[in-house]
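Okay, structure first, notes after.
A, B, C and D label the chains in the order they appear, each numbered from 1.
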């Protein structure tokens, strides 16, 4: 944590003079603004702002001050510059999880990885090498609800701020998703909304597309339909089988997941209905 | 036309020794092969080959010779290196049509543009400046079938090898499509199969995607579902309205259409079921 | 021109409270800010801001008001939302110039193209079709200075705000460049600083690179070394000759030039030493 | 290793009928060709071919047979489908090495990583977790030649087929390079030939480029000038410091290195003077 380094985010209905009102308070407290971005969505009439600065003022006090000059319903957050605790869910694939572990090892990610949970034991050896707790919670011969409750209990033990689905290949129930609203990030192996659901590379191969992609999004009740954080695509051609596409796709899946996580951890991602605003 | 420069394409069921049999004939006729590509689709067990060479032999005779050593049902074509005649259909948008006209003017396209047909008069002035016939065939106050028949008659007058839909915003009937099977190329303003049908940029905006794209494909009976020739994508973000996306999209639409046309005109595109093989 | 729609740009040394001071004035005049971006370059300690709003206030008066609260040496500009006059210089190539003409015809560019000047007659027919004056000013059998003076006189007749070098293949003298400082935009056919100077595609081919690119930049005294506005690259491979690369390159050259021009015409490009800030 | 699966590569001066002569031999031995690619470089008049097939014939015998029908000086290789032994050199950075380790762990790379050698102890812990020998060979207080000899002796112990410089930040001597000609792969953190030598991100920042890149190439005597295997670029902007660019760059460095390694390990990369041919 860099001492006194804060990120302020503001979300409220738009009105004349919002930037002026906010920067007036920052100025009156002699805060040295490092970066500042605003956006107004004309459709929803919502105002979004993100600002980084050094501050010796109590963050709660600053939030209160800012709320006092903003429209009713405004959401104001002061995030200290420190690592956010996360828990990762995975199944059997190495690439996304491994990529996060290497970034973690190289101190290249603003997260504290508290634990990895998987419905398969495959990744246990790799994870424990990095001295991170690994929980194998099988779904076999078990009611769906029961396995999910076990996962939930395990997660609650760690109190993470975000849950990362690093190729966790099971669908979460609405209740689960609701209890971590806009706190669960999934990597889907297609350029959504193309190829929703199972086997997107098989679908891509069958359709004969010339690009494949990956999408990181917040998980919502509706499958693969939550707010999109980041997407990327790469070219493929007729020589690529569905397996080749899956192999090629692994390289963008891991980058798209890592990139989206970086944006979220840096408090750059704000929710606007079913979309994201990246400031 | 470069004298004696031919492109040979072969499509047939795969068997042991096809390349050997074909290159034996080319060798025995002392043909100097410039480029050579083959592909076998393991799923359909189809063999595809494309070869460029200089030849003084009668092309029909060479086709016959090659057919004699290939499996039953083989399709063999000898294309001379010359411009293919095309007719372009458009509606009101300048960018795709204009891009093709400039390439044509700069001799940067292997096509002879015989005519442009539109259901609006908007583009007439631009087209006629390039000394290309423009036919305005309105769809207003007219039965759908009638307008299509008028277009078909107009096209038949010109005997084009390919029909290019450069943002022609009306759906063609199955009969029309069948009469020019794999000869009609459309540019769709999305990365198919995402956002099939009308207003893809509006759909993209509403979904909050972070990439938009364009797809050039052969037109088949099923809407936006024909064999894909070429696709490309570009990043967008939350600041872009549907109109902004449409504006940004124009630049990839025109490139994707031009690129796919170039591939087709150069005899690099072969049909494999509902997919393309690009050699 | 959209009535009363202005873009404000501010450039000055950074100090505490600049955004507050500026937005205070905008707020006190009830200006409805549409978009707002700021950037502080820590290295040069320069503050940059760009803001769009509707205003009924005299723009000169607003500039004066803003200057009164900003550090000495601040540069403040109020740009009305209207087309900027430009003159295009070209040589023989169709693609960049043609692309700008089609955008112009489709009202897809915020510029008034006053004239095209070339040292070859090749493009005259195309330009005049678009009812734009074409001036052929040959460099043959003529002293370099004389030809340049003729071009300069021709340009001065039109009083353009920007001069666009759309593949103008001659080097301009320092005097010429100085007289239009940061007002001349060039498209260079490489990803600068690779392949400065003549025949970049030949250089790229010889080096065996796997990507080629294009760079739009402001012209300065030092060859191909001015502030870069926009760059893009595309993959190439061993099958591409220098001529193939030139052909492929045309498609990014025209896009990079058009994109950079769009940014400049929209007052998004500010100069920061030998770099650009794009807001 | 997949039993009997071979990759054949051929390199020789071009002559009429080479494909015919080669495929004749393959056909006569009833070899079922999976993929086949050829390329002729008109400039050097060299013919390149790569073919994959299943074969029960002794590979040395097939090589001899093929050489008997090819021009003098032809190079013919039969590579069995098996993992190639490699040694990795690194310095302090985690990302490229870590990415290779994760691919190795996930069996996503056709190499046997025999050892990692570094001139710093930083990466030792990570490497040994993957049960791979780590050799710390410091360059401090040591003559340059001595340290290099120590590294060379260490490498010779392992007899690797390729040496991978995964951000090894020291320059190798000509003698070292010569003793592993076209067997050492380096990842350089710029889109070569831009920003040769030290601190390319600092150079990129200073120049104000809008794209940065990475280049994987074979190491030759001349610094950063060997045959390029693969390159990629990503956009940057004025908000990125040299450190930001370095951070962003890490993601393409690791992908470019991994991609180039995959091509080399799959025998797809052939040398053509100071260029590569990728079949």
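Just so it is clear, a contact is a pair of C-beta atoms (placed from the backbone, for glycine too) under 8 Å apart; a residue touches a chain by one contact, two chains touch by 3 or more.
No experiment lies behind these values; they were computed from the predicted model shown.
When you average the Cα atoms of each chain and compare centres, the chain farthest from subunit B turns out to be A.
Both subunit A and subunit B derive from one sequence, and where they touch, over half of the residue numbers involved are common to the two copies. Subunit A and subunit D have centres, each the mean of its CA atoms, that are 35 Å apart.
Between the CA-based centres of subunit A and subunit B the separation comes to 41 Å, rounded to the whole angstrom.
Listed for subunit C are residues 35, 39, 239, each touching two or more other chains. Partner subunit C is touched in their complex by these residues of subunit D: 39, 41-42, 191-195, 207-211, 213, 227-233, 237-239, 241, 272, 274-278. Listing the residues of subunit A that touch subunit C in their complex gives 16-17, 19-20, 23-24, 26-27, 30, 32-40. Residues of subunit A that touch subunit D in their complex: 35, 93-95, 98-99, 101-103, 105-106, 108, 126, 129-130, 239, 247, 250-251, 255, 258-259.
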